[in-house]
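First chain written, first letter: the chains are A, B, C and D, and each begins at residue 1.
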Amino acid sequence: MKAAEITVLEEVELNNPIFIEALPGVGHVGKLVADHMVDELDATKFAEIYSPTFPPQVLVGEGGMIENMINELYYIKDLGEDGVDVIMITGNTQSLSPDGQYIVCEEILDFLGDFDISRIFTLGGVPTGQPIENPRVLGAASDEAHIEILKEVGVEMRSNDGGIVGASGLFLGLGMRRGIYGACLMGETPGYFIDAESAEGVLLKLADILNFEINTEKLDERAEETREMLARAQQMEQDLINRANAGNADDLRYIG
Amino acid sequence: MKAAEITVLEEVELNNPIFIEALPGVGHVGKLVADHMVDELDATKFAEIYSPTFPPQVLVGEGGMIENMINELYYIKDLGEDGVDVIMITGNTQSLSPDGQYIVCEEILDFLGDFDISRIFTLGGVPTGQPIENPRVLGAASDEAHIEILKEVGVEMRSNDGGIVGASGLFLGLGMRRGIYGACLMGETPGYFIDAESAEGVLLKLADILNFEINTEKLDERAEETREMLARAQQMEQDLINRANAGNADDLRYIG
Amino acid sequence: MKAAEITVLEEVELNNPIFIEALPGVGHVGKLVADHMVDELDATKFAEIYSPTFPPQVLVGEGGMIENMINELYYIKDLGEDGVDVIMITGNTQSLSPDGQYIVCEEILDFLGDFDISRIFTLGGVPTGQPIENPRVLGAASDEAHIEILKEVGVEMRSNDGGIVGASGLFLGLGMRRGIYGACLMGETPGYFIDAESAEGVLLKLADILNFEINTEKLDERAEETREMLARAQQMEQDLINRANAGNADDLRYIG
Amino acid sequence: MKAAEITVLEEVELNNPIFIEALPGVGHVGKLVADHMVDELDATKFAEIYSPTFPPQVLVGEGGMIENMINELYYIKDLGEDGVDVIMITGNTQSLSPDGQYIVCEEILDFLGDFDISRIFTLGGVPTGQPIENPRVLGAASDEAHIEILKEVGVEMRSNDGGIVGASGLFLGLGMRRGIYGACLMGETPGYFIDAESAEGVLLKLADILNFEINTEKLDERAEETREMLARAQQMEQDLINRANAGNADDLRYIG
């Protein structure tokens, strides 16, 4: 079984696309943005990524239908006034193991190599740990050009203040090693609930940078749906979590 | 050492068998069903699976006889009124590591490929975390056909409420990727004891779906035996667990 | 880097040797027995095993001399009245990761394949978690013949009461799969200190089974030395452990 | 993706260089020494090491510029009165996984094989867990010659008192296996803050052994900068750590 099995659903030609990472993370900020963009901007799914580094489970979706843990690649052609092509990665999970994070991100960049990616934007939340009014959108970038671009749209740069963990960090870091540069947009969020306001902030900055229009009205609604789904899941998983915390990973042997 | 070493004990020909997963998990529900079916339905063991992803130990069985951690494949020919063939997987463990779960399940499906599996049913418990009267049998499925089949026999479908962790989830998820569909039957159970009542509920729904008769009288007895065995094991392992929790996995270096 | 790098120090021919496992574990019982046998019975080291699955560290020995984490193979020729040849494995560690345990034990058995091992004995402690008077020697075995042999010398068999974790379990389990059988001798011990009394019990049962004489006078002395060394190590490592428990394995990044 | 990807920035010829390990660890002692030596002694970076065994993240540096987790190799030619050549490894991380520690250190020693390393010195802190006046520099070595060398400059040898965890231990241990010997210098430090005093002690002993002059005035200043950077990072990461401790490594799936 390969570390990342990529299934191509549609062969597509794109013009030096921008790559946007929006996998689930802190406050579900990136994931909310992704779901909203997919719906509002007529994004088309063209590939799925499956990996033994993902959590060893399936999800129970609407009406009892089982869903695999996956990452999905969407494309959007001719976006906004600049008419840029976009590839966006989202999904219901990230790799569970630290080295899995590296390996899967690297495999995805290998796969995207044929598309000749021009820039990378990664979207996420930055946890404040407490309620926050008027959440800011913070940024970091992998070259000076993108630092300037972020500043121009009013993104406040983080500085010498720690890391960006997971896919939002690694796609930029691995990209740098290939000569592809970009930036990370992080919405401030308490981190312990689905944060539509934070997601809206991030989305509007991205729209500003990439020069496209997007209606954010339904973001609240979408956040509400996600909240309800996670609440049900949380109740059901609470016992599992309690047992897992008591016995650590070893307890997995009794879960099934 | 391969991730899964499969030893074939008997070459057998089966007619598009149904694959049933019943490995140990929450409340030992699946495992109880498996043990009962093996005894009552004259199941024959035809293969054993051994893996370095299993817990690094052996079990001390009856009278001091040592047993390896294994998964076992049984077959039942011509089951019930429909005369279906069945392959059932059970055993004393599941893979310990997350990626081990994926890899071992995938290897087993590869091995079963020759048998041309028609459908997959996975059996387990769903933890309520507290005592429960009249435990329900909940379900989820990997295609619409199986959702309908479950509903017809009165299984209540879960919906948008979290995951199915371990082999019960992965066999269905990996099966879907091969075009083999099926369902998961989950008995509600407090989760912290061997639950014969929950197992009986699951078994009867399965019998209903697959159209076979089975006497469940001895399920209670079997649960009692399992309870006693685990109680002895628990007492002996308590100290190990305490030390493991104190020092985490690193403490393994002192266990031996 | 291979999972187990075996360095042969001396080519030796042995006559269907008995393999004895005595790596560090609960109460240091096995390790104490090994150290004592090496000294008293003129054992000769003939191979060293080194592995990336061992803890990522070196030990500071006498006078500041650094020692690698290793397993060591010793031979004893013509032992006792039966004149049997023996290969004994001991060392300062066991594999840290669960799959590492399997893989390293399997590699060692592969290496020992040329010697045509006749039987396997594994030595360890079984934790009582509290002070105990007159600790018993408990046993388990991988075939009926060895169960009888243990009973004949007054070893009390464990039964249906849990597992034998680590090398003491796996060498017997992996041995069974190769058609080599044997037994595990486990001295009862509180588990939280170096237990010479428990080690003496195990050693005397082993001597009884293999029909050799051994003076156990210096076992107490040896236990005292080990106690002092571990006390110094414990004091120094306490802070590391506290930090590791606080931050889990991730904290390793700051240890160096 | 290889376990260690080494990018050579400059081909350099060195005369039997001494290898110095100074990666981040307890009290940031080794790292502080490395940063100071790089600045004061005109060290030149000639290679970078990148690895999927490093933490799966990037760092946000000055002004929002993203930095990969890396190890770096520097050379210093003709150092001190003896005119020795030096290769020093430093960086912003060590491998996260235990076997990653072994594998990456081994790969680096393989790479350094061409340089014909003469000796190895590893630098770090040894945690006291509490405030300490006049911190000593403790030592350990992989041969008698280096034990004598350490004693001559007043380094107090540790003895039978535990391990040296991580790269500081493994480079010496893996070196021994290749016939390259050396020593570890460890400054006593409380372990929970950036300790310039401890670093100065270690640096002066190293200078004494290798016979070079170095101004340590700016060490305090450098420690202060590091302290501020880590304080900012700590505040931002506190929430992440809390969540990670609550849910263990599994929680990684929600970080991104």
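The criterion applied here is as follows: a residue touches a chain if its C-beta (ideal position, glycine included) is under 8 Å from a C-beta of that chain, and two chains touch if they have at least 3 such contacts.
Which protein is which chain? UniProt says A, B, C, D = Proteasome assembly chaperone family protein.
A quick note: this is a predicted structure, and the numbers were derived from the prediction, not measured.
S.K.: Please state whether the interface between chain A and chain D is built from the same residues or different ones, using more than half shared residue numbers as the mark of same.
M.R.: Homomeric contact, different residues on each side for the most part.
S.K.: For the sequence-identical pair chain C and chain D, what is the superposition rotation angle on Cα atoms, to the nearest 5 degrees?
M.R.: Result for this pair is 90 degrees.
S.K.: How many angstrom lie between the CA centroids of chain A and chain D, rounded to a whole number?
M.R.: That pair's centroid distance is 34 Å.
S.K.: Whole-Å distance, chain B centre to chain D centre, using C-alpha means?
M.R.: 48
S.K.: Quick one: which residues in chain C touch 2 or more of the other chains?
M.R.: 55, 96-97, 248-249
S.K.: If we count contacts the way the header does, which residues on chain D are in touch with chain C in the complex?
M.R.: 23-26, 30, 55, 93-99, 101-103, 106, 124, 126-129, 139-142, 144, 147, 150, 157-170, 172-173, 176-177, 184, 191, 241, 244-245, 248-249
S.K.: Flag every residue of chain C that touches chain D in the complex, lowest number first.
M.R.: Touch list, chain C to chain D: 1, 50, 52-66, 68-69, 96-97, 100, 228-229, 232-240, 242-243, 246-250, 252-256.
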